[in-house]
Amino acid sequence: MTERRRRYIRMYALVWFVLAVAGDIGLALGPTPPFQASDLASSQSTVIKILAVIAWPVFSAVVATIAFTLFGNRVAPHEGDIDPGKLRGDSRPQIAWISASIVIVLSLAVYGTVALASDQPGAGISTTSASLRQPASPSDPLEVQVIAQQWWFTYRYPTYGGVETPQLVIPVGQKIQFHVTSLDVVHSFWFYALGVKADAVPLNDNVFTVTPTQTGTYRVQCSELCGLWHGNMNADDAMVVSSSDFAAWIQQQQAMDAPILKYLPAYSHTYEPNPPAYGT
Amino acid sequence: MGLRASIAAVSIVIAGVVVGFFVTQYMGHTPPTVTVSTSANTVEGRPVVDVTFTTVAAVGSGLHPNWVAYLNSDGNPSTYFHVPAGSVVRITIDQQDGASGLRNPYFGLVRGTVGNEMTVNHKVMTSINPDDAAHTFTIPDLGVSVPLLGVADNAPAGAQNVVQFEFIAPPQGTYRWQCFVPCAAGTLYGNGGPMQTLGYMAGEMTVS
Amino acid sequence: MAAVAVATRGTAPPSLSRRLHEWGLALAVVGAAIGFFVGYALGSLAIGDGDNSLGSNAGILLGYSLSAVGFLAGMGFFNYPIARLLGRPVPTADDEAYLHGEGGGLARYFRLTTDHKVIGMQYVVAILAFLFVGGLGAMFIRTELLTPTPTTATAESYLTLVGLHSTLMIFMASAAIIGPFGNYFVPIMIGARNMAFPRLEALTFWLLPPAGLILLSTVFLGGFTTGWTGYAPLADQNVLGMDSYLIAFSLIGLSIMLSGLNMIVTVITLRAPGMRFTRLPIFVWGVFLTSFLGLLAAPALLGAIAMETFDRTYLATLFVPAGGGSPYLWENLFWFFGHPEVYIFILPAFGLIMEMLPVFTRRPLWGYRVAIGGLVGVTVLSFMVWQHHLFVSGLAPALRPFYMFSTEAISVPTGLIYLVALGSLWRARTRFSTPMLFIGAFLFNFLIGGFTGVFLSDVPSDFTLHGGYFVQAHFHYTIMGAEVFALMAGLVYYLPKMTGRTMDTRLTRFQFWAVFLSFNGTFLSLLSVGILGMPRRVISYAQYLQPLNVSATVFAYLLGGSMLLFLGILIWNVVIRPVPAKENPWESLGVEWHLPTPTPVYNFDTVPTKWSLPYEYDTGRVAADVGHPAPALGGATP
């Protein structure tokens, strides 16, 4: 190995190391979307942060290698100490590369599964029966049904007499169980700040459990193309409020809904779209 | 620059202009606007503007004669109108279509209008039976939603329900509005055709 | 052989078959018109007419199907089978020679020609047309997204614009590498004189123009609001414009499937004596494996589209839950096609990049067998990952860990391809010719595409990134940043062979830096808006996302301009002011470069029987001896 090559490799390693460490420190310390407004959002931030911290050194290594082989490490084809047998392939780096990538992939998959299992959002079709009872204890989740229709989300609160509103308000610090369903086509309920995204599919009940940790006013939007007004199917008035504010708000909604309550269908996790196929 | 180059350049420019013109026309095409008349009286110092629609089961002419639509006073399908910010918008709808029922019964409730109420044939109402709704007039971003009572099946030809309500125009901007009854005769699975074509059952209110 | 054909043509009057082929394009237009009216009448008659009713759908669907059939009939695709059915004599050698385009000339590019090199050139033009019409759509989309509220477009036209841009680009990407370079060079590289099924090969190309025109006709039928994914039951609700999408997409699906079949049979049966599978150039491997994806995945799409047409005409309610169907049926069928489809885009590009790399590193491809292993691994795994598109759909959450694992596992074979690329580059004295710049950019862009894919494969992070601009930027990095860069690399590299003309080096280099920087500027901005919570396909977005969107739009204009510059250089240097190319300007050892330019009509006078891999730059051995005096190696690099 010539002195020049050794210098190149040392420089390459140094540049990569500085890049990798600086990038990782930045990624680890900087804020990571979707930030910290709920337990779910925090855990998603953590997952993204960990993936980014793992990915960045690998990414920068490949980029540095490309850059160095292209610009910094030119050697004439037969010059130097390169083994002609290695021109067509060399089993040691191949085995090392394959093993390393399998190990990384396996650990990512295991980590993802563990993170998924501990969050348990999106349980799919719910097995619990529809209920109108008050939560027995504050630790029980508050059920909030998200009804998507072309092109507005409405929300039903079964524990408060099945009252329905076009504005989402939920209490902070309490476990919320979103039940997402649709009355027509496929929508997707995206509460970005809480890290909730669940497709709304007719006759399907998509469950997402989340505990909001910060009060505030947030945006909810549809993230699955659902027709003409898909781009306008959003609202900036979704609120996470204190329990007392929530109690006051839900009372006010019950009063507003009084004229229509008798017409609303019994609370159910899914509703039959009507007309079923051919409009009249 | 030789002759060939000039021909190439000129034809590229011409093609570009033609394509650009066609696409701009296609993209920006909006239906005709509804005439808005300013009323003489004011409410609490706010000017009152009147917007009048007729809802029909079938337009009867034009590109889609079988589609339901909001019509302007000329009898053409139209859903675009301009109102001044802060004014009281008084909407009068001659509702001539039969009932077909709401997919979400919640929209049988009158919401977001002045007093959360409307008048149907001069009678004050705060909600209707969702099965009797023919259409709704809903501006989701303002929370304004008014169900339009359908005429009875056995009513004589030309029968109509006159629905009137008022709401306060918001700050400047463009607000989409639509109907929540999966209406439209002969549309697969409801909410097709006129519901997803601007100028029939979907439109925009521009506040200036 | 060509001389003989010309001589006979002079004496005998042209046969009927020849006359019909000569007028092919005109007859095709007539056939398409007749087909449309017959189909429309039949469809309306079968189900009953009415404004936007089931009958109108049936009319349009049947009209477009029959107009495609009429188009192909006019082109002359059915002349041979019909003549055989009627017991007419087999075509004369003269007719076959005419069909193969032996006489040369420009006219053979505008009719049914069975020469794979003519079809390759036809694909170049078609692919560029799709790319630039689709790109124009992207410019209008970005213009609209300068502001958070609608300005230049309405909600309705915007969605049609989005649908047209995406669907045209998917059509383009399905054949961007395999169409031009696969058709042109695979037979040459394996030592064949033509494809196994030359008429079928012509058919796969001539399905493209009707597909493109039928798709564009959607603007006259009310457009469609579903984007390229065509999710039902929204597709059930759509107006007649949806029928354009369905028929156009099924023509493309048919083209992908038949092209796959043809390539597989060609590579298996038509290899020259001595051309073993272990000596196939890596690009042929890429095309060969992609062909299995096309053959096996496209039928799922065709089935799903058939079901959707039943929904739209006979109210089959296959995708309508209230009628007993399920939206998940479409989602599964579509993505069962859709995920292998993205590997149909990228595998030939991998092959092409690895094919070109040794030419510029002047060393053998490092790890040829590893590269094949990587391609095979991607091919097999690509059928096992489609449900990662449904992570938030609420369908069968118990399956998520499996699909998360299989999706992450696909990065292992993809990593092998990077290993081969890095191994080939390592310590090489790389020649910085223009295609090499594009190869480097390909490796960089696809790397970003791959790493962003990891975030999407991991379920918890996918919950926030799914269905947003992060996904959009991710697949633009793989399709635009990788596949289209490979297309540009391939054009710069292969045009001297295909046309005998070359693109201006200095201008192309400038164009490279412009396109590379503006591409990354655009899509790094869009990755960021995705992480910050912007959903796809929206005309309105939150105010705080405006600065990043403006940055994306400005870079997108530069990107559009630099793509136009590429087209301009190409047309200028190849068509308007031809710049003759040197023979074998890159000094490749590939057999295609050692044939005369233009390549003879049947490629080889005598098919060589001794073959080696075309990467033996340490010994300088050409892949096969074709009897044509080889241009001297070792000259200056252009």
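So that you can tell them apart, the chains are marked A, B and C in the order they are listed, and the count of residues begins at 1 in each.
In this text, contacts are C-beta pairs under 8 Å (C-beta built on N, C-alpha and C of every residue); 3 or more make two chains touch, one makes a residue touch a chain.
Because the structure is a prediction, the values reported are computed rather than measured.
Nearest to the global CA centroid, when each chain is reduced to the mean of its CA atoms, is chain C.
Summed over C-beta pairs in contact, the chain pair with the top total is A-C. For the pair subunit B and subunit C, the distance between mean C-alpha positions equals 42 Å.
Centre-to-centre separation between subunit A and subunit C, using Cα means, comes to 32 Å. Subunit A and subunit B have centres, each the mean of its CA atoms, that are 36 Å apart.
For subunit C, residues that reach two or more other chains under the stated contact definition are 150, 155-156, 158, 225, 233, 237, 315, 320. For subunit A, the set of residues that touch two or more other chains comprises 184-185, 227-229, 232, 273-274, 276-278.
Residue positions of subunit B with contacts to 2 or more other chains are 176, 186-192, 195-198, 202.
Touching subunit C in their complex are the following residues of subunit A: 33-34, 40-41, 43-44, 47-48, 51-52, 55, 58-59, 62-63, 65-66, 69-70, 73-78, 80, 82, 84, 86-90, 93-94, 97-98, 101-102, 105, 108-109, 111-113, 115-116, 119, 121-125, 180, 184-186, 188, 190, 192, 195-199, 201-207, 219, 221-232, 234, 236, 272-274, 276-278.
Contact residues on subunit A toward subunit B in their complex (touch as defined above): 147, 149-152, 154, 164, 166-167, 183-185, 227-229, 232, 235, 256-257, 259-260, 263-265, 271, 273-280. The residues of subunit B lying in touch with subunit A in their complex are 100-101, 103-106, 108-111, 116, 126-127, 129-130, 138, 140-141, 143, 145, 176, 178, 180, 182-192, 195-198, 202.
Within the complex, the subunit B residues that touch subunit C are 4-5, 8, 19, 23-24, 26-30, 64-67, 173-174, 176, 186-193, 195-198, 202. Across the complex, subunit B is touched by residues 50-54, 136, 140, 144, 149-150, 152-158, 161, 219, 222, 225, 233, 236-239, 311-312, 315, 320, 571-572, 576-577 of subunit C.
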